[in-house]
Amino acid sequence: MKTIALVTSGGDAPGMNAAIRAVTRLAYAKGFHVYGFEKGWEGLITNTFHKLTPRSVGGIIHLGGTILRTSRCDAFKTSEGIEKAARTLAENRIASLIVIGGNGSFKGAHALSKKTATQIIGIPATIDNDVFGTNETIGFDTAVNTAVAEIDKIRDTAVSHERIFIVEVMGRTRGFLAAAIGLAVGAETILVPEAEINEAEIVKTVKENTAKGKRSGIIVAAEGVRNTSKLAKTIEKETGAEVRFSILGYAQRGGNPTARSRLLACLFAEKAVELATLGKENSIVGIQDGRITHIKLEESCSREKPSNQQLVALAKALAT
Amino acid sequence: MKTIALVTSGGDAPGMNAAIRAVTRLAYAKGFHVYGFEKGWEGLITNTFHKLTPRSVGGIIHLGGTILRTSRCDAFKTSEGIEKAARTLAENRIASLIVIGGNGSFKGAHALSKKTATQIIGIPATIDNDVFGTNETIGFDTAVNTAVAEIDKIRDTAVSHERIFIVEVMGRTRGFLAAAIGLAVGAETILVPEAEINEAEIVKTVKENTAKGKRSGIIVAAEGVRNTSKLAKTIEKETGAEVRFSILGYAQRGGNPTARSRLLACLFAEKAVELATLGKENSIVGIQDGRITHIKLEESCSREKPSNQQLVALAKALAT
Amino acid sequence: MKTIALVTSGGDAPGMNAAIRAVTRLAYAKGFHVYGFEKGWEGLITNTFHKLTPRSVGGIIHLGGTILRTSRCDAFKTSEGIEKAARTLAENRIASLIVIGGNGSFKGAHALSKKTATQIIGIPATIDNDVFGTNETIGFDTAVNTAVAEIDKIRDTAVSHERIFIVEVMGRTRGFLAAAIGLAVGAETILVPEAEINEAEIVKTVKENTAKGKRSGIIVAAEGVRNTSKLAKTIEKETGAEVRFSILGYAQRGGNPTARSRLLACLFAEKAVELATLGKENSIVGIQDGRITHIKLEESCSREKPSNQQLVALAKALAT
Amino acid sequence: MKTIALVTSGGDAPGMNAAIRAVTRLAYAKGFHVYGFEKGWEGLITNTFHKLTPRSVGGIIHLGGTILRTSRCDAFKTSEGIEKAARTLAENRIASLIVIGGNGSFKGAHALSKKTATQIIGIPATIDNDVFGTNETIGFDTAVNTAVAEIDKIRDTAVSHERIFIVEVMGRTRGFLAAAIGLAVGAETILVPEAEINEAEIVKTVKENTAKGKRSGIIVAAEGVRNTSKLAKTIEKETGAEVRFSILGYAQRGGNPTARSRLLACLFAEKAVELATLGKENSIVGIQDGRITHIKLEESCSREKPSNQQLVALAKALAT
């Protein structure tokens, strides 16, 4: 009877619980034991886990966060930490470790894979959608919808006051969230790390829109892509428009997962358990061109996911 | 200067307005005139339309329903009706007619295509997701999420009262909605028109789940697939469980579109305007294997979309 | 050290968990033991309870349903059942029993009060808002908002199709839900049990509205107040309008409580624990004219809450 | 035939549209003309208005923002501006001016009242709830619920990461929003302008909670009440906990109004139109102790609404 271990790592994402439930139940049905390590890599270092059963993962499919809890674990960035985690896997005779997390977690998993015989399988779950090897990650659709709902509310006040709003959304170093959110809310300008737009161009767009009769506007910016407070002042000065800015913040990480985030969680879990049954390569699962797939863990970690600038361009073409 | 006409037909779906906005603005940018016919085919029969401009379609990307309104039009089912619509297209020199609707609307469009030289392009928008030639229709994701949010609420009371709930969702003659919703809410049983499940099997599942320690349950049924009121009584009698049933109803057709329904609307509109620019075949646009595509209108109308029984099977495997 | 017992009874209502949390923590801070009986009166008959502590009621303030579960208990309607419950209270030396529920639960509590020395305190929690002695019950505001959000979605499709919708909402034998919901959605007609409206009048209102240029409409009906399916047909026949009907159903009972339902839960709990500390009369707590109050349990059970027909009249005056 | 004028002023609040609809329809039914001035006081200075009719205010009861638009108008702070507005009222023979807004708007209205014979009636609509003479303003309940829903999402990630979150909510110079939101989300500490809490006390509460076994926490702060970024660092340093902070921002001003905000809008409008019919004193309407009331405009402007520190105390007692 093989034992599978589960861990959620890095920033939490809505749908992680749906993935925990699906992995546990499918693995259990195949006769595996399932151990859930707590608090991300920390649980592997401290050997802290509990057994998961079909009953213990009941009633969680719709809940945000992760019942296994998670952390950003500094100790795991040292070779001592990684070796300790590898010993934990060996001591508990873990055949396959399923890591539910994002890019950073998979890099950690890759480092661990060099020190352990345990098979490692990644399930991409991060609101940032920045994992190479999958078009979409668990949680991304939820975060997009959360932000869109917030900005729909901001639009009410933008229109009533005839204001321009600059809204910062999450996404770390990538613009996947900003692009999808910006297109869905009808943003005039989307600012992403992958493409530079200078202030003059932003100001020009605002002026053109005003000339066309638009009396309010939304600019969506990936967090940290530029100084939005300063940008607001520049636009005010150059165009005479009232400009406000808002940072959406941590609410984007939480909340009940959307149907799509749950669906991906179920499908990714199914593939991950299938790979665990085969027991071979270290992999991450994903969805590519509408199909559930998997690639080597190493490949995912060594390549950068290409950006989708066509969404940004389409949003600009549409917000006229 | 070519003229494009737009019409929304059949049952409304969230995201239709986002598609109207996107078609109008992209077509306008290419120098087309855009006419919006009112109330579905009825507007083509009565020659009732107004000009759409980038400004007149502002502030609607996030709104459910359709600003062009829609109808199920009996007159259009007669050859007189279709010929009258064809004359309307000719009189107004419509180069391309873009029909935003579902299966029934495309069958009507196909009948019309035989009487007119106007190019006809379909944009699939229906909560039922039953259009051949696209994996997903505009509005489907919204309806799924609306139903999932409702059933999440019903689960609260199901768990508190330790009850089984049978919930009827929409979907007409197909089980796409029921399958996606059922998987996302963790339903024990999903009843779809494409696969028969007898009462004995449903009762057996309830009994097995009770034996495993589950104290509540959700059965998701496509509307009309069977007499759920009678089914409720049978389950009560056979298992001793309290059973309630609920019909989700028309709220599934409305509400602000999700990000994904808006995104599909934008992408479908882009492809439709591209096809209108080429001005050739009667087509419907769609998304297949993650790519925006198009197939012949005739092909879409003559074939039946295959069902996704693997979601139903996966849901069953997961609800243990 | 006194012991307080808690039970949730009858239909569940959003905010019950917030009340359980608040009672437990406030009572615990005063040095009481707190026992939570399970599954409503059934737990008192079977002597099934567990100890509640500040930690065991953590993380539930925002959850619908009730962690103590509930039931409609037939055994409690017999004198044997009531006597058994009274013995449970005596055996466990329960000083005060706090019953979180609605009208029916309080009638049961009143019957129990005649057989026990334990003080009984009612906290009104029911979506129906039909408890004498309080302007508002825990859960009412949530159910109203759930229904309003649903009908806002139905309005999208009503407007797009130019239809009349008849929507049945909950409320058992009283029209509090229908009146508040109808006013908030701008319903043309509200049908409540407390006031009869004949079909001719409803038809007349639809005709008048059509004459004024209204092209869609919402009629809100308390569940069971009349045959809405038949009413739909009559309106269709008499006015030529398309009419559809929808029953909102059990989702109204669930979902995360609104801020107001949580606030009432906290304030009612505070008063209930204060009454338990005094340890005197059997009472129910409530809010009257903006103040937290209490009246005798007997009085609440023997009188009928007056209806608020002025909301119905105001809704009618506004929907012109 | 008397003419009533309507204006929305200051920050927008959800439910303003419901109030515009209700005032217009009720006034129209009494035979009044109704003029809607645009963009707050600016419309009175520039004499910009349009006639409102029962049809022109249809379909807006559920929409956030204000169809009359609003502004913070500097010109109205000068005596020239006020005199210009008074002339606009005289020229258009406005019998009663109904101002839908908050504290600042009423101060402006009071200044205007000294220069005009037009009766001025205030309808309190502001998310801040800081108007003397009413327990609750239109929009307050919506803003509370929006913030509570956001913080429920933040709690998911707080629990998963075992973090303390400091969340800034709106409220300008008053703590009404923070108190209601904090109680409803189960905040450990609520920071309001009306009561000072020093850092040592906040740190002590975090330490005590950790000692009790709480592994996450929420601190709700009224915007600007203190440097929350600095506070986060202090707590991190003193307790070792991970602390994050988030500013909820402008989304709190928008969104569909809750049922309660719509209900208040309808009831306040009814009273305002009644006062306009009487045509006497300058007043603001309100709800006090559960009853719709009115007080003199001057009184509302000259007194400060008392704070509700008991909610803050209750929240603290409950979050143990």
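Going by the order they are written in, the chains are A, B, C and D; count residues from 1 in each one.
Here is the rule we use: a contact is a pair of C-beta atoms (placed from the backbone, for glycine too) under 8 Å apart; a residue touches a chain by one contact, two chains touch by 3 or more.
Computed from a predicted model, the values in this text were never measured in an experiment.
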For subunit D, the least number of touch steps when starting out from subunit B: 2
Centre-to-centre distance between subunit C and subunit A (centres being mean Cα positions), rounded to whole Å: 39
For subunit A paired with subunit B, centre-to-centre distance based on mean C-alpha positions, whole Å: 28
Between subunit A and subunit D, centroid-to-centroid distance (C-alpha), Å: 35
Junction residues of subunit C - those touching two or more other chains: 152, 155, 159
Chain-level touch network, classified as line, ring, star, complete or other: ring
Touching pairs - complete list by chain label: A-B, A-D, B-C, C-D
Residue numbers on subunit A that touch subunit B, as the complex places them: 21-22, 25-26, 28-29, 54-55, 58-59, 61-62, 135, 141, 144-145, 148-149, 152, 155, 159, 180-181, 183-186, 212-214, 256, 258-260, 262-263, 266-267, 270, 288-291, 311, 314-315, 317-318, 320
Sites on subunit A touched by subunit D in the complex: 8, 11-12, 14, 39, 63-66, 69-71, 146, 150-157, 159-162, 165, 244, 246-255
